[in-house]
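Heads up, the next two complexes both have chain A, just with different partners, chain B and then chain C.
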Partner chain A sequence: MAIATSELKAKIIESLNLQDITPEQIEDEAPLFGAGLGLDSIDALELVVMLEKNYGIVIKDIEEGRPAFKSVRTLADFIEARRSS
Partner chain B sequence: MGVIGAPGCGVDEIWSAIAAGQSGLKPLTLFQSPRYGQIPVGEISQDLTVLGAPLRGSRSDRLAWLAARDAIRSASLNVESVADRTGVLLGSSVGGTYDTERFLTALIKQRKMLPRPTRFHECSSPVDIVADYFGLFGPSFAISTACSSGALAIATAAELIQSGQADVMLAGGTDSLSHTTWAGFHSLLLVDSQGCRPFDAARGGMSFGEGAAVLIIEAEEHARKRGAKILARLTGWGASCDAHHVTAPHPEGAGALAAMQSALRRAQLTPADIGYVNAHGTGTRDNDVAESKALKSLFGANVPPFSSTKRFFGHALAASGAIEAVVCIEALRRQQLPANPGFGQLDPAIGMSPVTETRAAKLTHVMSNSFGFGGNNAVLIFSTPETVPQTRPTFSTPAIVTSLGIIAPENATSERQIQPPLPPDSVKVHACGPLTDVATLTPNQRRRLSRITQMAILAARRSHTADPMKRLAIALGTGFGCLDEGAVFIENLVAKDEAEPMPTRFPGSVHNAPAGQIAIDLGATGLNSAPTMGEISFESALWQAMNQIANGEADEALAGGVDELNKYALTIGKRWGFWNDQTIPGEAAVIANLAGAETKKPSLARVTAVHLGRYRRPFDAKREVDWIEQAVDLGKIEMVVTGAKGWPELDAHYHAVVAELSRRAGFPLPQQTYKQDCGEFYSASAIGFSIAVELARQKQCAVLLYTLSLRGGKALCCVEP
Partner chain C sequence: MSNAFIIATNAVTSADVAAARLGTRFGRMDLASQLSLLAVEPFAPHFDSFARDRIAIVLAARAGSLPTDVAYWEGRDAVGGLSPTLFTYTLPSAAIGEIAIRHRLTGPNLCFVGDGHEILTEADSLLQTNEADACVAVFTHVVSPALTQKISLPEAAHACAVFIGPNGPGRAGFGENRRDMETFCANLRALKFTK
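Moving on to the complex of A and B:
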């Protein structure tokens, strides 16, 4: 089952306590880190917790998650790949 | 010197492990850890009671006591003869957290309130325990700047001696293991499951540890007069702040480099003089790369032999800088380079190899690096006793207060409802209203930072306008620090058995989070300190900030105090009968902008003296006024601001001191109090300071701020127009 990116966006906003932003304002392909939403390394760790809590995916090395955290799209693909493997 | 850590208790045991390349890492037994229990840790397996530690106190307190005892013994110091001029300065960032966790576990899992383990929660508790037990009455406080605390405490102790406030200091650091810090660093994915491998290509993070180390630092003349055996000379120290990120080091190691350069300047040495560097070398990917870049920037192609000794001890947080100071002094004494266990393969990103086996070398000057959360850096340089000390001009000019930023409660009280997991209750408080200018914070500051840190940033902005041309130092005193943030982290940890950790809240819960965040907000790259010492936490910060200006290390310095109402302190205080109609808990953030007296900025007042110490029991007002008289000219004091109307047991002491001051002045000195308005909290004397500044300005007279702490600390501050 494909992950709905709107659901994922809501979870990102909740887990990072993002202010003044709605899921609709986040584009699927927009970068999450750096220029995009302005997230940093601590937010990446919060996303690790969010993935485990909601999708049962355990990441032990942040390097492992780095390619997945590029955008909402890559994160959704990553979750799907992990769940079907 | 006294030292205890995973490899053993005492300098000789520790050095045998280092000589043999024997890591102290072993399986965790101190507490249950369902998720991470298999990962090796630098736990002290000896029974502290068998080693002689008193039963009283937290695990951190008792470790500090053991190190202090051994240090006093090995220095043949007759403490009674030097008691009034000997202080205690220890770094601690865990404090009594390990013991507090039992309180929270009982509360959350069994709905039971245990009173005992919370008595030694504060990071200043080790200082109180050591000073009380050994009977020391000189200037004493604790520094809580995460992993640089121990090194910063040693540097600050040296400055206290230089400034003439003490002849001898017991200085170092202590931190026990705790489930909180253990799970916290795991939540940051910073722990190497195979044990730390500093500078190795395959390194995967740090290892955890615990321990304590205490050095006896003495003015040279004093040491020679009593015929002490001098082990080494502390020739240089430097502190800086990355002002970059809460957990990640500056990628180029800019702050680390600045601290090393500052230490060299103070020692009047060049990079080529340094024969060995004890690196911070945690074994995390980022630290080791940033630190090696800083080393290359400083030493160029001639980086001296360096090693991280973290795999021997594990990273003992606030104690690590002090433990590594002991390692450096032993390296000098034995003329040996300590090994860097865990290193096997060169990392191309680092391009240098540390010392792989402990071996002989000719050493005259050695450097020790300690870096911590909040980009907090401290560097020490030790030299052989034969080296000739360079003299450096010392300044004694007072500082001026150019502005004050205050967030304080309204005069009225309100009722605060206590939240779960504590039983429902309601406590009368002096609370600050909503933070009106919170909207001026950046979105990241609003979503991430706890309320106390936001209060500190807003107060700092009200007192200081950022200026990249000015070197800014920050010293922010706090009693409980970010206890709210820490409590949420531990509640979650206990309730969910380590699942769903909180990586944002963990670094946000350290005492130096507010000071570190102000540095990021204002771009302050100078000293960044979070002193803590019960009711004299603010004066400890004021002294540190003043001293940065006096030493020429900063153009301006922020001195402040910050504490917030916390449901645990409210509830436990109520159960114990602390809170009543006179003693009402409060909160505030106060930040004073200080500058050198020679600057042409308009000033509100001058701060002409700040002295710290401990009072003897039973309290003797005559003796206390003698102490005040040594520091300030009583003839010019026209008003006294005291911390009376807070803790009832201190009121009699304050009144007796004001009566004795009046007797000597020949007229009744008016006493102004502040706790009736702002309530009782550890850094409340910052409000007292703001009142003293205002009185000095309006009435054009010298005002004495006098503060006592329940656990034995005292402080004075003289404010003049």
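Moving on to the complex of A and C:
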């Protein structure tokens, strides 16, 4: 079953303790790091923890997850692919 | 203080943190960093009077990073592992980094664990030795509910800060300086001896 991006956005906000931002304000295709949501390397590690905690997905090599962390859309696709593999 | 001037002072509590809006990044910080950042926030307009690499930061945290250390330790069995974000705050000097980043202050910095009395002396020393033209001095005292179960200190969440610059032409008279200094020292006393 495809993961809803709205659900994923809510989990990102919760796990990173982002203030003053709602899931609706995060665009599916906007970059998570750098110019978009402005996340940094610590946030990337926190997202790795979030994936294991919420979806049972373990990323042992951060390079493996790098393409998945481009946007909410790519992260949702990554979760879906790992769940069905 | 020999020839330094108190430009501004401020004191905050956890109630101020709850009402604060300092951007999306604020929420991930530990309480000591949040309090430190809030205590310094009103000084921002004064920073433009100095070169940013000539503004020092001196911080004393009475309980060090113990509240965050305890929170980190208690998360050791969490699914997915310990929080990487929390780990970055298991040093009391993390608050200095947050202040430096937000206000782009790149002068020297010092961090103490313990009561805050030495921060005024150190701030003054930095000015007298010409290592800095101004100094932000911050004292924080955070004891979380979890920490009260481990050490004999009452719960606390306070910070006070002072911005110190060189005395000289254009500054207000000594009376103003003295009044602000007394306010800051009263804050220090209050943080030390009250909940």
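By our rule, the second predicted complex is superposed on the first by the 85 of 85 C-alpha atoms of A that agree within 3 Å, B and C clash if a C-alpha of one lies under 4 Å from a C-alpha of the other, contacts with A are read in each partner's own complex, and residues count from 1 in each chain.
Note that a contact is a pair of C-beta atoms (placed from the backbone, for glycine too) under 8 Å apart; a residue touches a chain by one contact, two chains touch by 3 or more.
Worth saying up front: this structure is predicted, and the values here are computed from it rather than measured.
When the two structures are aligned on the shared chain, A:E46 is found in touch with chain B and with chain C. By the touch criterion stated above, A:K60 is placed in contact with chain B alone, chain C being left untouched. When the shared chain is aligned, chain B and chain C each come close enough to touch A:G38. When both complexes are overlaid on chain A, the residue A:L18 reaches chain B and chain C alike. The residues of chain A shared by its contacts with chain B and with chain C are 16-20, 38, 42-43, 45-46, 48-49, 52-53. Listed in rising order, the residues of chain C touching chain A in the complex are 21, 23-28, 78-81, 83-85, 88. Those residues of chain A whose C-beta lies close enough to touch chain B in the complex are 16-20, 38, 40-43, 45-46, 48-49, 52-53, 59-62. Of all residues in chain B, only 187-189, 193, 204, 245-248, 443-444, 446-448, 499-504, 507 touch chain A in the complex they form. Chain A makes touch with chain C in their complex at residues 16-21, 37-38, 42-43, 45-46, 48-53.
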